[in-house]
């Protein structure tokens, strides 16, 4: 019963097979190999963006930071939600990659930016040489609180940004889960809604360690390759990054795994709704749940070996001290584990 | 009637005389000269801190950024008030000097940090490798809104910081105005209240372009000289920086000028209190006033040539659009200008 | 006949098996898993350094840059050979990670630093606030020119560095090849010879994408974890990095693969010695050869599909324009390919 | 008898007068004042460049670093001579401002870059994602060894740079001395010879602390203002920077002072030519001499209170240990001091 994170689960067997298949003989290093070429084309196809610039990097932080570095100047502010991963969970990686920009939390909705809050934030600043300048906006989909932006919300944010000449980045660590939950395409979720670049996550959704950087604006792509290299993120045996992404985008595996994770999470949420004293902090949208339930239930679950994050108590927290938790399901979560957990919580 | 800023006024004649006096023959470069030696000692004496490390730099942004760089690691958060100059008005200079730290606005009191808000902010963060780490706290005295921290407020903030091993910096661009207004010594305002380093302002208070960096903790001082040099802030003809500070700290000139500025500001505030429809956004504490008054009064003042910042309309703003303003007095503000302005506002 | 690089070859089957074995169920993220714990211990055992700090990162550039960042200040010079990978082939990654240090080429021996040249370089600089300061020394073993440092050479360099309070880093992208060629242990190659930290390569020697950072001086290790995280190099599914290193250090696989690569290279070198007109630019020490041979031989080899780097012509160079080449063998190079290539060269 | 540096001398009286004249009443801060406007126009006139972007900064390191940051990307190499001030004497300031570029020493002529050496250096590098990229070239006029580039040498370097799309910067800390010595205009020395931006020095030539940044290519100027601000180099009381430059460029004061310095240096050099055992390390071109003379002469001079740099012994060096020295004259050097020094050296 491991609900601590979707990065704790195993790699999908088809991805392991793809790695084995790629492991034949010599191949050109640093991305000059046929697997890479093929995987890039599959990303373009998935996004219906034949001209997109596509790169593979090993972690979400590197994807986010490299994209933001390509979008922002060091004297810029980058606008994000109060709970944005880039603000709270990357140990200042974006600031490092950009060379000292400022991350600016927008509005008082913890899980998201709204177009209105963004507009108000931008209007509150004079524009002169003293202030942080208007840099890009970054939103996360699925949000860090497990909720979802609707496409028209994304479009509205993009409209505000574009009116000021600002770019829009999407941290899509759980992009597949969002596509699956909303039933919309990768293109609708991104460039058709005004997104300029996406960190297209794979690691949290059944891959070993790959995220695709997808940049729709070629001007942003110019320096990306140099940035990736000098950050130590250009892999020499690049085919093994590419093979994972290749398998991911073959026969809809990425959506299949996301749907499985979302389904398990929905089963879990449905069960919790019936637990007396249980409540959601945010309405769950995909594969992540923020909930509270009685302390006795916490204690039963933990004693039975369930693993999940107590908020803000950490994995080792004392249930008596905590009232909330984060529960995440990945593609490999079986129904019986969900049900067993629900039994424990229900008492 | 120039109330736009205290950095718009002239240099005090005694400072000009000191520059002339220093302009004799050759002198060792880069701080190896008798004027520098003497000025450093005067700063130490003024702060009752004979062991303090003291350096001179030309601007407030360089003083703040160099101190914070000596205090913080690039993966740290630096805690400041929502209106902190280092957050809003230095074009990301601290982030540049530190190499990418994160400035974190604390609490919902716009003009200041409180010990309670700081404690709550620190407690809200888990401490692991993912989050920004606990770096220094920076407060501004006089605050950017013209208010004052009482010494016990500073001490309380320092106590919270020190309990976590964090340092406390004071942006003292208007340090002299605060000492004069509160009637306390430089030592009480700083190290006796738990401050580890001060940007001791001179430029806004009658000097040409000098701030003293005063560091009470020798461990913080170790790398300062190298940081200053590689930021292009080590002056070759250093005696001219030092001569200004030397004059500033001779016969109490620094407090004399601050008192004059505070007095002019108090005269202005007293007058505004009697204007129907006028109100203060913050209770003025030193030489800076945030006030609103009727639009017709604005128009009369501006048409008569008064210069001040419309908030947030800028110097060129349309009075009809604005309801508030910032008014600052420097040491050279004559009573008659204040009175003439008040006449215009009163109509 | 692929001699372009040892990063073009396949992953050893035992490493693939280890990845599969690690792919069971959930595991703690970010290194909190049993495979990571085990692999770290194996590195410590291999280096006879039970207290060493050990981390895994995916690329050689990230290993080198993170170590150098832990060792150096941004105002330092880092001393390296004229052909050092960190100077010529990492797109300024070390400077990025350190925040702006200066790489200083030492001496006129292209493949290496000598203790004498290092001493002369250090003595040629005054030590004041204006100059780059004395930072760490970095040497590469096997060198970028395929030659080897003898342990006493390393010790002599370390002695010069230590006398000045400087640290010594070893870029060991081909560390295993060096151990195998010289017949000495990892400990002798590193800390027993005065090395403070090693980039212990795996990727060029049969792994997929892992280098171990091995730091013998605990003071250097303090900030490493934060640096790795904020550079985007902390893997969430960390067990897959660790599993590779675990297999590498099981039953001597790392030395077995290195010996195979060295053997193939020696066979190739021996063959070339008998080719009229062939000559070595440096005496080959491990698995990399810099040689020239007649243009007609180049043409025959390339037309037959041999792949290797023409120096300085690149893989696509015109053989008529080039007289030299770099030939590298990895663990998977079969004798028959070497022999076929030699037949082509011999004509 | 102070020959240690031209930054040790006094400020010219006319400059002090200009500072006093500027010290009247209030003036707009941050460069919005009439003195700044006038001084900028005078720089443009002096360079016959009515469209040039002009900024004032307080130090040579800030001028050089800000210009190079506007010209270079962090993944670039910047090409300079082996003795370039930016390489040896700015504590890695350029690397700091650019965010981690690499300074590349070109050729084996210590005092200068030649077009041939630059071309050879550029050709020696493959151009791919791994190497440092081709960034700007920086030359110093007067060179750090007191010699001069002829205009056709500058043009030849520029031609090599421009053929590769690279920019050319001139560190003109002693620009006035070069103009005076060569008898050519500021325009000939700079844009007419292919220079894209100049650090136009004032501090070493009779000003207090001002250098003008002169950028001929508007594309380079775009970000300059933000870079200056975030480096803490935007002065609030900007009129006092401007007033110095205003006086400098009035009635040819800049050339008058440079001519005086050069004349004193020539008198000194002429005298040394007649001293048995004296020799020049480089043929003196302007106001700086690198010479050796007998140890007994050194001792007599130092005992009599002469101050100059022993190379590499520093000001406090033991003459018995040193054989060479650097002697610099500034605008204020009287003939009698030169003659007295020559008498001492001659014995």
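Letters are used for the chains, namely A, B, C and D, taken in the order the chains are written, and counting of residues starts over at 1 for each.
As a working rule, a residue touches a chain if its C-beta (ideal position, glycine included) is under 8 Å from a C-beta of that chain, and two chains touch if they have at least 3 such contacts.
Treat the numbers as computed from the prediction; the structure is a model and nothing was measured.
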Comparison of B-D and A-B (more C-beta pairs in contact): B-D
Chain at maximum distance from subunit B, centres defined as averaged CA atoms: C
Length of the line joining the C-alpha centres of subunit B and subunit D, rounded to whole Å: 34
Separation of subunit B from subunit C, taking each centre as the mean of its C-alpha atoms, in whole Å: 51
Separation of mean Cα positions, subunit B and subunit A [Å, integer]: 41
Residues of subunit C engaged with two or more neighbouring chains: 74-75, 90-92, 96, 99-100, 129-130, 133, 226, 229-230, 234
Complex interface listing, subunit B residues touching subunit A: 74-76, 87-92, 95-96, 98-103, 105, 124-126, 129-133, 312, 314
Subunit C contact footprint on subunit B (complex, rising order): 30, 73-75, 99-100, 129-130, 133, 223, 225-227, 229-230, 234
Residue ranges of subunit A touching subunit C (in the complex, touch as defined): 2, 4-5, 7-11, 16, 19-20, 23-29, 57-63, 65-66, 90-93, 96-97, 203-204, 208-209, 226, 229-237, 240-241, 307, 332
